[in-house]
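Down below are the structures I want you to see.
Below, chain A partners chain B and then partners chain C, in two separate complexes.
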Partner chain A sequence: MTVWDSGRIARASRLQAGARYAKGKHVARKDATALLEAVIQPGDRVCIEGDNQKQADMLAAALAAADSGKLHDLHMVQSGVVLPEHLDIFERGIARRLDYAFSGPQSQRIARLLFGGKIELGAVHTYLELFARYFIDLTPQVALIAAVSADREGNLYTGPNTEDTPAIVEATAFKDGIVIAQVNEVVDKLPRIDIPSDWVNYVIESDKPFYVEPLFTRDPAAITETQILTAMLAIKGIYAPYGVQRLNHGIGFNTAAIELLLPTYGERLGLKGKVASYWALNPHPTLIPAIESGWVKQIHSFGSEVGMDDYIRARSDVYFTGPDGSLRSNRAFSQVAGLYACDMFIGSTLQIDLQGNSSTVTTDRVAGFGGAPNMGSDARGRRHPSEPWLRAGKEADPDSPALMRRGRKLVVQIGETFGDKNVPLFVEHLDAIELARKLDLDLAPVMVYGDDVTHIVTEEGIANLLLCRDNDEREQAIRGVAGYTAIGRARDAKMVQRLRERGVIRRPEDLGIDPLDADRRMLAASSIKDLVRWSGGLYAPPSRFRNW
Partner chain B sequence: MSSPSWFEASARQRVKEMLDQDSFVEFIGPEQRETSPHLSLFDLPEQFDDGMIVGRGLLDGKPVFIAAQEGRFMGGAFGEVHGAKLTGLLRAARDVGSIPVVILFDTGGVRLQEANAGELAIAEIMRAVVEARLAGVPVVGLVGGRAGCYGGGGLTAGSCSALAVSEQGRISVSGPEVIETNRGVEEFDSKDRALVWRTMGGKQRYLIGGADVFADDTVASFRDAARYVIEHAAALDLDTLQAEQVRLEQRIERFGACADAIDIWRSMGAADPQSLPGMAFEDFVALADGLKETRHVAR
Partner chain C sequence: MEKLTYRHVAALRAKGTRDQAIVGVVASGNLEVLVERGLPDGECEVEIRTPVEGFGDVWSAVVVDFVGRSSPGGLKLSINDGGARPDMVALRLAQAVRAIEGERS
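Here is the complex of A and B:
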């Protein structure tokens, strides 16, 4: 006889196995590993919540301490491989297979484990892709999540750093999975309920608050004049002519410079209210001066940012907040917003090749993607028009009838021709290809594909790839802004000159920008302390960013 | 227009804005291309002034010798040429005997690429400072730049007649990373910038007598501070050294058991020591002047 509820039966037996460690839904910290050994089974798909910001760190450590005789061959399906424990479980033989999206600090070690065969790699995803697969073929049997607080019944408050939790819990709880939450504290009354108790099976009070990385804090003191020049070029050469109102910024210093130039340089160009009003963006501290100067109408966030909670609470017209007043972030929804409702993505990268493909992996680092490929890609399913989208579409395809012409999202790569440690930004071949060969992958880990990139901005100028009519033009447009790198020096000077005459390449002087005007005094804030002042004392930067 | 930020300004901007208008005359300027003989061996970029500007000028109509380190070139680090320019200036001041020297420190210490030459330079500079001071010339230091004042810079600053520092300034010999590398992150977490600043930063240095004047982060404030410390510089004699020895002995006795600057400030009588780092310039100066620790009256 066919059984139609085997998942439900399995869940019941897992819950029965875990019951001896629980009082109601509550489990003591010391029993965390024993609980995991009881409810997880060898071969399970397990998600440890964690992305580029928040981490279910206590549960990660508890799983890493498990007996590999009891727990083995797990298939980890999680956004981030960020903590040492995330890789310890592979080294100890508890887990074998991995599907993930992002690894920042562990990118070198993950590469070693991949080469050493300790990890069997499924795929490197974008956040949104991995969330999507949670609902199709990578649904977790057990999810280990992090929340700020729980009440006696097991309702959860995930607070400002809600981030990935709703997507993970939705997929797990409604497909017969087990949801285990670590919380900073158990309280009588929650500020608000983000996850209802009947989606949660176990709650463990952690001995310390879950870790959050201040990944989006950029110290204005570290912004260089070259970065300011690229920011001026972007504002005057892209934001202004396209009238970009809805956008997402990357996390680099070039875009931080743009944020700090809006209230000064942008104001002088008369752009206030005309550009940069609606954002899919984390609460970047460097956006505070623009917010305070009345530039920003609304921001939806993937996550929160350390130290920004009080500021956000006091600016609920700008941010999404709950009835309790604190931020509600949601990575899945914000990624969708960035993909479908933004007209521009602008961000930095480590390598750009002659086709405009870009990547942040090098041969000994597998950093993963996070969300950038979703932000930095044209949404082929988009159907609503907007001025920048239509204009970009027209530039790419001037001859098609307007009513049948697709628009284009502006996907802008911004950086200096020579990056950190004087490494050239432009390369003949991406390291990603070499890495794919070494690891025998079916697909090289490309962050943004060249056919999605519309503009490249360096201190040498802007290359508008929409206006290139063939691959040769495209290559020369890229070489034309590659400056003194080997790629730049190999340009065809005559062709670059022709491209410049057509406005495909625009130098600073073509835009009426004097590079000598790129001065740090133009930044609305030149230090973290200035940002605190702009916020009226509401922004409380973490200790590692304070030089006072 | 308000006075520009000292921290943000380049070494040349500081010199130009601090001295009387158009009074600066540079010695061995960048047009002479006295660049480092070592950096090219490492395929590293050179700077025509080797990150050290020396010359003379007027401060309120009175002549001064001035030296300024460019913290944005190799972290203001001392190399052979960089150091020789300062040594030469100090020896000139010694020989002239009546014109004070103002040193605008902005340095991480000795350049690793020219380590031996740089270390020798520090020894020569310290000797030259002492010789100038023995000849009756005040040698004063100003600290408030990006690179702080570390390593040999910290030692040289310690040899000066008097120092002025801003909140942004840091004065120490071993830098945060060096301490962490040698003693572990439990001893000193170099990434915890608030810890770095409350340990080595301008406010702490001023409070415990490591600097004589607390300046605001403006060129105008440093100009005032320079004038003040030149006028109040102590002579280098036996009495001064003995008084300094006593002061340092008392300091280690009083604060030697403190684990953190916060403990020091509390024991000095600050009612809310945690609030001290965030305090604005005027509030801090008012509070600091009320606290009990003896000023740096002697060196």
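Here is the complex of A and C:
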């Protein structure tokens, strides 16, 4: 007899094993590790919720404390490898295989564990891609998630930092998996229900609120004048001519500078209402002056940002909020929005090669990508037209008949030619290739492929790769904005000059940018305190950003 | 401390009438540029004092590009460097020429 409900039977036996630690759905903090040992089985696919922002940190610690005799060979399928505990479980032999998307702070240790053979790497994904695989071949048997509060029945309020939770729970709960939530507190009445109780199996009240990293907070005080120059180039040379209304920004200082120049430089160029109105974006504090100046119509967010909750609550025309008034973020939907409904992604990177491929992976740091490969790629399934998309498509392929020509998403990489510690942004070969060879990977971890990149902006100018007709032109266009790096100095000066005459390369002087405007006084806010002032006192920055 | 001096032929006399100007600040990763008139119209001199030694070839390349892209004829530019990256140096030099030009009409 074929059994057609083995998953359901397995879930029942897991729940039975866990029942001795639970009163209803509620489990005491002290029993967290014992519960995990009871419901997880060796070899399970397990997701510890955590991305570049929120962390199910208590549950991560509880799993890391498990007996590796009972729990071993787990296959971790999770957005972020961010906390030390995420790697402790590999060091201790509890987990063996890893599929993930992002690992900012642990990027060096993860590289060591990969080289040491402690981690079997599946792949480094983009967020949306990993969520997609939750529904196809990487469905978690057990998900460990984080919520703000639960009620007695186990309904969850995930609050402003809802982020990945709905995607993880959907995949786990509806495929016979077990969902375990850590919550900051158990209350009688929730502000709103984000996850209904019958999708949740266990709730554990944590001894402290789950951790959230203020990753999207950039202190305007740290923005340099060369970053301001790159920002002016982007605004005048890309936002304005293409009329980019719908967009996503990365998290670097260059894009923070753009946000702070919209109400000043952008205003002077008469661009208000013509660019930067609709966003897939976290609640960046540096966007406050543009919002307050009436630039922004609507923002959908992947997550929240520490200190922004009251401001968001008071600006519900701009942000997505629930009936309780607080932000509703959703990483999966916002990534979809960034892929299909935005005309531009602009962000920074660590390395760009001569064909425009870029990666944040270096030989000793496997940082992962988060959302960048998704945002920074052309959506081949897109079918709706828009002005910037059509224009970019025409630049790339001027000879095809308009009705049959695909548009192109603008994918812009922006940065100074030299990064931190004078490390050049431009390289002959990406470190990612060397890493893939050493680890025997089938695929080098490339963040944005060169054939998706449409523009590269540095302080030296803009290279419009859409207008390049062959690989030689492409290479010289990139060398032509690579400044005084070895790549830049090895340019073919004559060819670069011809590219400039064709408008493939545009320098600040070609765009009529006055170098004297590259001045910190051009920023709408020059400090975190200025941002608080712009917000009317609603923005409450975390203490590490307060120096007053 | 290293001192470097470059003299170049400049195609055009620098615009404007101001006698001198200063841009930038002497700070780590930054630099100050004093720009003065006084040289013949077809000449330009850039003098650099930098605490970081051994980057003469990069300085030389930055100065060559600067003379080619701006029109600094008749100018002497004195750089007090605080270990700035070439991208910052190029920006300050462009700013210096704009600053001595004065207000644009």
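Throughout what follows, the second predicted complex is superposed on the first by the 548 of 548 C-alpha atoms of A that agree within 3 Å, B and C clash if a C-alpha of one lies under 4 Å from a C-alpha of the other, contacts with A are read in each partner's own complex, and residues count from 1 in each chain.
We take it that contacts are C-beta pairs under 8 Å (C-beta built on N, C-alpha and C of every residue); 3 or more make two chains touch, one makes a residue touch a chain.
Keep in mind the model is a prediction, meaning the values are calculated, not measured.
Enquirer: Would chain B and chain C fit next to each other on chain A once aligned, or clash?
Expert: Clash: chain B and chain C overlap once superposed on chain A.
Enquirer: Between chain B and chain C, point out the one touching more chain A residues.
Expert: C
Enquirer: Just chain B (first), just chain C (second), both, or neither: which does A:Lys23 touch?
Expert: In the superposition, A:Lys23 contacts neither chain B nor chain C.
Enquirer: Please work out whether A:Arg383 is in contact with chain B alone, chain C alone, both, or neither, and reply first, second, both or neither.
Expert: In the superposition, A:Arg383 contacts neither chain B nor chain C.
Enquirer: Quick check on the superposed pair: does A:Arg521 touch chain B, chain C, both, or neither? Answer first, second, both or neither.
Expert: In the superposition, A:Arg521 touches chain B alone.
Enquirer: Could you look at A:Ser543 and tell me whether it touches chain B, chain C, both or neither (first, second, both, neither)?
Expert: First partner only, chain B.
Enquirer: Touching A:Lys494 in the superposition: chain B (first), chain C (second), both, neither?
Expert: neither
Enquirer: Counting only touches as set out at the top, which of chain B and chain C does A:Lys208 meet: first, second, both, neither?
Expert: neither
Enquirer: Can A:Thr226 be said to touch chain B (first), chain C (second), both, or neither?
Expert: second
Enquirer: Tell me which region of chain B runs into chain C after superposition, given the options 39-47, 111-119 or 129-137.
Expert: For chain B, the clashing option is 39-47.
Enquirer: Check chain A for residues that touch chain B in one structure and chain C in the other, and list them.
Expert: none
Enquirer: So in the complex, which bits of chain C are touching chain A?
Expert: 23, 29, 58, 61-62, 69, 85-88, 90-91, 94-95, 98-99, 104
Enquirer: What does chain B use to touch chain A in their complex?
Expert: The touching residues are 4-5, 7-8, 146, 167-168, 191-197, 201, 203, 277-278.
Enquirer: What residues on chain A touch chain B, complex-wise?
Expert: For this pair, the touching residues of chain A are 221, 520-521, 526-527, 543-548.
Enquirer: What residues on chain A touch chain C, complex-wise?
Expert: Residues 224-226, 229, 416-418, 422, 458-460, 483-484, 489, 507-509, 514-516, 518 of chain A touch chain C in their complex.
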